[in-house]
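Each chain carries a letter (A, B, C and D) given by its place in the written order, and its residues are counted from 1.
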Amino acid sequence: MSHHIATKGLYVSIFAALMVLTAVTVSAAFIDLGAFGFSVALTIALVKATLVILFFMGVRWSSHLTWITVASGFFFLVILLGLTLTDYLTRGWSTIA
Amino acid sequence: MLFFLVAVSAFFATVIAVGVVVFAVKYRRRSPTEVGARITGSLPLELLWSIIPLLITLVMFFWGATIYYHMRRPPTESIEIYATGKRWMWKFQHLNGVREINTVHVPLGQPVKFTMTSEDVIHSLYFPSMRTKMDVIPGRYTTEWFTPTKAGEYHIFCAEYCGTRHSGMIGTVYVMEPRDFQAWLASGGTGATSEGPLHVRGEKLFSDLACNTCHVPDGQGRGPSLVGVFGSPQTLADGRRVTADPGYIRESILIPQAKVVAGYGPLMPTFQGLVSEEQIVALVEYIKTLRPAAQAATRAGDSANTGIAAAAAPSK
Amino acid sequence: MHTQELPRDNYLTSGHSLASWLLTKDHKRIALLYLISITAFFILGGLMAVLIRIELATPQGDLVAAETYNKVFTMHGVLMIFFFLIPSIPAVLGNFLIPMMIGAKDLAFPRLNLLSWYIYVIGALFTLYAVVVGGVDTGWTFYTPYSTTVSNTNVLATGIGVFIAGFSSILTGLNFIVTIHRMRAPGLTWFRLPLFVWAHYATSIIQILGTPVIAITVLLLALERAFHLGIFDPAFGGDPVLFQHLFWFYSHPAVYIMILPSMGIMSEVIACFSRKSIFGYSFVAFSSLAIAVFGFLVWAHHMFVAGPSVYAAMVFSFLSFSVAIPSAVKVFNWTATLYKGSIQVQAPLLYAFGFIGLFTIGGLTGLFLATLGTDVHFHDTYFVVAHFHYIMVGGAIFGYMAGLHFWWPKITGRMYSELWAKIAAVVIFVGFNLTFFPQFLLGYLGMPRRYHAYPAEFQALNVLSSAGASILAIGYLIPGIYLLWSLTRGTVAGPNPWNATGLEWETQSPPLTENFAVTPVVTEGAYEYSKREMKLV
Amino acid sequence: MSEAVAHGHLDDGQRGHHPRLQHQFDDLEQQFESSKLGMWLFLVTEILFFGGLFMAYTLYRIWYYDAFVAGSNELDITLGALNTAVLIFSSLTMAMGVRSAQLGHRKALVNWIILTMILGMVFLVVKGFEYHHKYVMHHIPGAYFQWDGVNGNQVQIFLSIYFCLTGLHATHMVVGLGIMTWLLVGAIRGKYSPQWYTPVEIAGLYWHFVDIVWIFLFPMLYLVNRHAH
């Protein structure tokens, strides 16, 4: 079987990037970013997850099918969260005394 | 609306049924080795029977959504009744303090609004003859309303399964001529009980529970003044804005820290478990009466006999 | 044409010990294990239904106590949905046929397939335990806070049973998707696949994406009940309606787990008995995927009167109508397939016609419930009960019966009595309509569902419904008899009694353990009846 | 519809049967790709499995933000960050393990698996200390829950979600360690080769997934508004 074999150096640099991002997210939590705090933390987590998925899990070198599979998981997660929130976030709109 | 739905359904069901039967007879197999014609599809037909149903369902959607929007917005001149579901009975409270169990009296031709909650599980207050229902959910208020158009006695059902005697959680709504209804209400209701107007009970509770030690009218207390609060927008400590509706007042009594008004600390203790749903309702009604002096003068007596006052308003 | 004896070597004769069945990795044997288990649950669930209908023949609620009645309809729902309908077509017919239809020797993961069945059985045992030690009375929907704080019945055991059975469904779906992607015979491109396979592909997507959400929801329910976490408990500030959102995120698409495979069967049966290509193949194929995806966007239409935001309700109503379109497209295409066909109304086609009629009514009445204004009245009444039985019985079970009759000769190698099969189809169709059509009217008149006793004015229609149910019960008994009879007495079917296309008909009946003596190579589309020479059967 | 040729069999004959090739597959590549797709589909399932809890988290974080801040600040950020680092490191060692398998470095594979397992256990031990602390403080939701500050009920919701999420994650870790043990036995026996290392690959996918879940859990649970305290 011929599969892509990544170099040691690549893995180590991904690891380093993940550690740096962890440090960044921890320090960001101690700064008052207001409403953006959560967005920043979430964005960093997403970047970290993407690095793991692309390199450690080798999706970078995998078929389109794998890409679609991974994407569909996150897509339907967004549907679950997003459509449920359409209810909770708009309940206040129709408040009448 | 319903007629439109039935007509559309009947039409399509008939088309399909007739199509299937006619084809099955007309194109029946005439020799054992016969095969069907080579037809694989037709794009125009596919588009036709995708787009026409799409357009029809769009009509259904907009029509239905308009009705629903209307159903979810009680008219401001509605008569208010509080309803509480409890396994397995319906408790109704009129503003003048008349209480009923499993029956509710309403005047003909007047919109009636129910503000509802549950003491245990989810119920659903269903008036089949009024074509309306809404779930009654513990922990929050929901509302529903209708305008009765014909005097008489009609069913009340619980439509959300609530345990053993779910099917026994039924009652009767009596639609009365407005004049009869006023008389019934004023006499304290036959078979019903009255303990004085809700807001009066609320006022007593407000001091019994020592709410008034912090919520002083001039706003100098540890809690915000409640004068003029009801129905007006409030700015919260985190910048959000909410309208002080019954649901907000209820939540602020039970989970005081969920939505703290800007300028005040999260000091208020929870009254979870200390006040009943009926007491909360009384407090809500009392807070409704707290209006700035100028307004209070013009609306004097308005809420003291809200039921009667509203009933006298022109019906819609 | 064919011999009077079954082929000596086939998957049924490859081993006779109990272990050769219980440890089998053959997808066909596993399908039969499922067939036996789901039939047992169908009978059990059916008995519950009989009890319900007898109770409702009179308004007083005099046959069983209210508590018992509530347990009976709960178990009817739980058993029929989680242990019969969801596994029915995929785990039996899908399991048996998908590898054969794509020219494979087995599913991609045969051991996983067997494991799925064991997981199903373990889940079923938990649920049966709950029934035996006293039952559960929450309704199959397990709504909080009733299920978490009030009900003193066996919610935990039932919940665990459903949780476990969910993984069986997930693993089956996973197995199918991998198999369909990776195991197709040479030349079998996506657009040459039988529509049955497309339908199962779409079904598997729902199983993979939806079932884990019910799993976590039921797990949270169990934890909430055991430890009073507060997540669904208003006393802690939790929202009981959140449970409904999570529950319906799975349980609405679950309806499509039941109906999509049935739709796949429709395409096979209608094409075969009209000897014609399916009209609009790609539209039928893609409408399956569209239903699977749109099916995930509509769940809150079960919650229009649960105090949702007005605007969210509108969004969900709008999206709900979007599912109606691909369903309608399918029905139109099947009808158009009959046009200029060479139609022979044999038992499978008769069941398929039943499906079309009943599914059409079920689908159209769904519009009444997707429409916000009318749903407020119909929600939680017998209108809903009638609607989903038209979909689940009229749709899923009629499809299952059509499929079972269509592939019975392939599975067993023998033919059943055609006459009795037709009689049964008619009896079931009549009984079904008599049972459930009056329930639309009951719902319109305002009779709520899950009522043990009801006002006397509803009695006439209830009696009619109960009478229909007794006909329906007899209707279900008839196939039980003639199908069992055919196992030993039926005439030998031969490899392809219907002159059907499809790889599964290319091999002997019953098939070899490895399905095909040599791996087939595919050179044309799925329904090329017009090119084929029909043999006299 | 089809003409039968001895397609599969011919190929099999030419290539010869690898002992790990299962009968339903034509070749090892097909088998590898099938297993990999199967594992990915399973991980998609897992995303939505955690998704239900993410939904509960999102809702109550919006509703009871102050309680979430209070609850989050009760968690030990040092231990949380340490565990994050440990898991990321274990992902690296796992990736290196898969690489060794691809290259056929048997000894290295064994070592990487052992290192990964050690890191996994370190994570669980640290988690155990955190749980123990919660136990001592009566911060475990249920009958013995105690909370000195305001919003006790809503803090309990936060901690319930915390325990559900981390508990499920820890369960996945335990399962992962089980898989690793099985993998280790195979590696020691020299079962894997550059031609066939499917179990190493799919166990790796699983392990990385569990790491990704933690990458989200850490900011969600430990980092809610730390600056105020």
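Rule of thumb we're sticking to: a residue touches a chain if its C-beta (ideal position, glycine included) is under 8 Å from a C-beta of that chain, and two chains touch if they have at least 3 such contacts.
Note that the structure is a prediction, hence the values are computed from the model and not measured.
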Selected interface, B-C versus B-D, where C-beta contact pairs are more numerous: B-C
Nearest-to-centre chain - CA centroid comparison: C
Between subunit B and subunit D, centroid-to-centroid distance (C-alpha), Å: 46
Whole-Å separation of chain centres (CA-atom averages), subunit A against subunit C: 36
Chain centre separation in whole Å, for subunit D relative to subunit C (CA means): 34
Overlap residues in subunit C, where contacts from two or more other chains coincide: 181, 209, 213, 235, 237-239, 242, 245-246, 310, 532
Multi-chain contact residues (two or more partners), subunit B: 72-73, 255, 258, 272
Set of subunit A residues in contact with two or more other chains: 65, 72-73, 76, 80, 84, 88-89, 94
Complex contacts: residues of subunit C adjacent to subunit A: 181, 209, 213, 242, 245-246, 249, 296-297, 299-300, 303, 308-312, 315-316
Subunit D - residues contacting subunit B, complex: 63-67, 150-151, 153-154
In the complex with subunit D, residue positions of subunit B that touch it: 238, 255-258, 260, 266, 270, 272
In the complex, subunit C residues that touch subunit D: 99, 103-110, 112, 170, 174-175, 177-179, 181-183, 185-187, 208-213, 215-217, 220, 223, 227-231, 235-239, 242, 245-246, 501-503, 506, 514, 516-524, 528, 532
Touching residues (chain side subunit B, partner subunit C) in the complex: 1-2, 5, 8-9, 12-13, 16-17, 19-20, 23-24, 27-30, 32-42, 45-46, 49-50, 53-54, 57-58, 60-61, 63-69, 71-73, 87, 120-122, 124, 126, 128-129, 131-135, 137-140, 142, 155, 157-168, 170, 255, 258, 272-273
